[in-house]
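Going in written order, the chains are labelled A, B, C and D, and every chain counts its residues from 1.
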Amino acid sequence: MSDRLFDRLKADNASAWIAYTDHAFVRALADGTLPEAAFSRYLVQDYLFLIQFARAYALAAYKSDTLADIRHAASRLLGIVDRETSLHLDFCRGWGLSEAAIEAEPEARQTMAYTRFVLERGMAGDLLDLHVALSPCLVGYAEIARAIGPVASNNPYRAWVETYASADYQSGASGEIAFLDSLMERRGGPGRFVSLSATFGAATILEADFWQMGLDAGR
Amino acid sequence: MSDRLFDRLKADNASAWIAYTDHAFVRALADGTLPEAAFSRYLVQDYLFLIQFARAYALAAYKSDTLADIRHAASRLLGIVDRETSLHLDFCRGWGLSEAAIEAEPEARQTMAYTRFVLERGMAGDLLDLHVALSPCLVGYAEIARAIGPVASNNPYRAWVETYASADYQSGASGEIAFLDSLMERRGGPGRFVSLSATFGAATILEADFWQMGLDAGR
Amino acid sequence: MSDRLFDRLKADNASAWIAYTDHAFVRALADGTLPEAAFSRYLVQDYLFLIQFARAYALAAYKSDTLADIRHAASRLLGIVDRETSLHLDFCRGWGLSEAAIEAEPEARQTMAYTRFVLERGMAGDLLDLHVALSPCLVGYAEIARAIGPVASNNPYRAWVETYASADYQSGASGEIAFLDSLMERRGGPGRFVSLSATFGAATILEADFWQMGLDAGR
Amino acid sequence: MSDRLFDRLKADNASAWIAYTDHAFVRALADGTLPEAAFSRYLVQDYLFLIQFARAYALAAYKSDTLADIRHAASRLLGIVDRETSLHLDFCRGWGLSEAAIEAEPEARQTMAYTRFVLERGMAGDLLDLHVALSPCLVGYAEIARAIGPVASNNPYRAWVETYASADYQSGASGEIAFLDSLMERRGGPGRFVSLSATFGAATILEADFWQMGLDAGR
């Protein structure tokens, strides 16, 4: 087995990881059968989710000891508040959702549950706890998009899949895997694995809940 | 209308407040018809909830500027880690739940969602944001127990009701209402009400979700 | 008197403000008589100071409730980690200080005292407490540079003065003054002024200590 | 060499540790020649210091994952806000300092510098970073009192020495040393030592500054 931290965390939470990455929402997205209402619900909540994730990367910058780590976190923060939120609004507009409508939408319980867990875990713990809590999202989406592979040209969710399958996103995800190893080297030790794995498992379950929230809206 | 902050927050979230304080779980508790499985589920999760609430009062002590405020928070923290957790374990034992079984139980999503929201809101905001997020629990239980009133001597949940109807608990709740007014005087202003009310509303909804989690276990 | 929050804070801490903005270090910088050793010491510590101030703006992003506030803080954070630190290293090189030498330098007590006070105040309080703690630095430097006015072309510190007198920096400072008013509207109230003024006064004194640290190195 | 974390931290900061534990203030306290003005200054600032250290133990409770760790921190927090602050006020009264006078006293820069460093380090890092930052104070005082040994019956500072030489205090300090090892086991790893040692060194230097502040007042 790989001794990369991310792989060990995944192996230790194998069934939760599969429940998340191979969720019915993901499968329906891949074959294009996901109801539009499910995707819209997901998309709007994912926008609200991103606002909280921007705060989580800001927290990572605060929690950093070195200028290099601050810059690493600041660049992700900017990536979210500049690029990703605009991209999301574009997607949303494509599905007939206006910016005003999205921002007026209340956060779903699943959005709150996941984001506040990550923020609070990161605050109570250190930079390693925070990045472990963030990784199922960042790295998971890359893995999901790779697993889906090329989609039919008439799949309405093609643009979504291609965003996360893009070289740019994939390389961000690889960078995160490497960063986890670097943090484990600097701040880790064998004694931390149990607690890190519990954090990873909880975040993964909350990601699956997030898909489910979308799916439920399509029924 | 009362100009106490707590009353204004309740009035501004009237339907959420009723959904919480007059929840089917509460009504079934009052007339003794609540399934035992529902109460057990609630009780175990409430124990895990208390551990996080202890952390929230610790956060309140950290967030304090004066020795008086630190002492106020420290005394609630101690009340939880000394008295309330023991009381809970006694209750649990009365229902055949061992301490080991309780501590091995994973946190329900509803337990996580509510507690992490409170902790994170308090961390990102100030002592007033934190106490507003805490108040639906502390003051709500006092109000619920008063509304239930005296229960039949054979009601299996009588001890629970009497705990929260006790002069001691009721006076803690009144103290919290007064403390909110004091914080509003020191750190508040008209501009804060909208945001404080959003916090109060979210916490109240998450409290109702917590009852529902118990109820669902009794089906 | 102006009813802008920044002006009220300054008026309430008038002597500390003068001790900071009209410090002997500043006067010697203005007339070019500041010993080079004093300026070098200041410059190196100001670089270490900036790293902590980047963390403080990251904290401001974390503490924000709206995407607009997150973006505001993220843009200052980036301004520091991208532009200001490079500018500083350029200055330093101009004075014969290598990047490696600067980063190997330990933080002076005055650097630690000021930066940790700001970070801790901001964490324990809210976004308004944090910005009040940050403002003597950001706005004070703009005021100092304006008060110095045009300097002799052979003044060795001319580039420093011109940086902070630049339209770009001055407009950032005006923006901060306006942002303080906006935060006071949203999160303030008359009861907060005493505590905010104490924060402002402490930060101003710690700024003066920072000049003194530089000056002492030139003796 | 001992492989206890505390001993390794001390060994890695040997000269700073000696400068702190064998400071001229300590030697003058031991032989009774310390000017009363120096001791009074120290005593008043130590009271203000304790208020911030209470907040640091509250932070430790917030940062805890288990009920046992929360209780450990809560008990120290209570020890400070109940016992230590009263003991301090008794001492102060014995030296003619009223409670009102003490609380009106502004925090010295050295008091602020040390306490905010500890709080901020603990917030940015994890429970281990926090306890390492706290340990020079808690364990150092125990070591200092032991090194002083029995003092002359007419030494005016005898009561101070006996407080920290008491079995109760010494056992608290031993407990802290053991707790550091337990945290290192659970959250540590070889990669953390450099950073932990930097924290320990900075805190130790700031402790020596605190003695110096007292000494300077006696001149």
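We adopt the following convention: a residue touches a chain if its C-beta (ideal position, glycine included) is under 8 Å from a C-beta of that chain, and two chains touch if they have at least 3 such contacts.
As the structure is a prediction and not an experimental result, all values here were calculated from the model.
Comparing mean CA positions across the assembly, the chain most remote from chain D is A. Across the two candidate interfaces, B-D and C-D, the one carrying more C-beta contacts is B-D. One simple way to say how far apart two chains are is to compare their mean CA positions; for chain C and chain D this gives 31 Å. For this pair, chain A with chain D, the centres built from the Cα atoms lie 43 Å apart. With each centre defined as the average position of its C-alpha atoms, the distance from chain B to chain D rounds to 36 Å.
With touch defined as above, residues shared between interfaces to two or more other chains in chain C number as follows: 55, 62, 119, 123-124. Contact residues of chain D toward chain A in the complex are 62-63, 65, 123-126, 129, 184-192, 195. Residues 55, 109, 112-113, 116-117, 119-120, 123-124, 202, 205-206, 209 of chain B are the ones that touch chain A when the two sit in their complex. Note for the complex: chain A touches chain C at residues 51, 54-55, 58-62, 64, 67, 70-71, 73-74, 77-78, 81, 85, 119.
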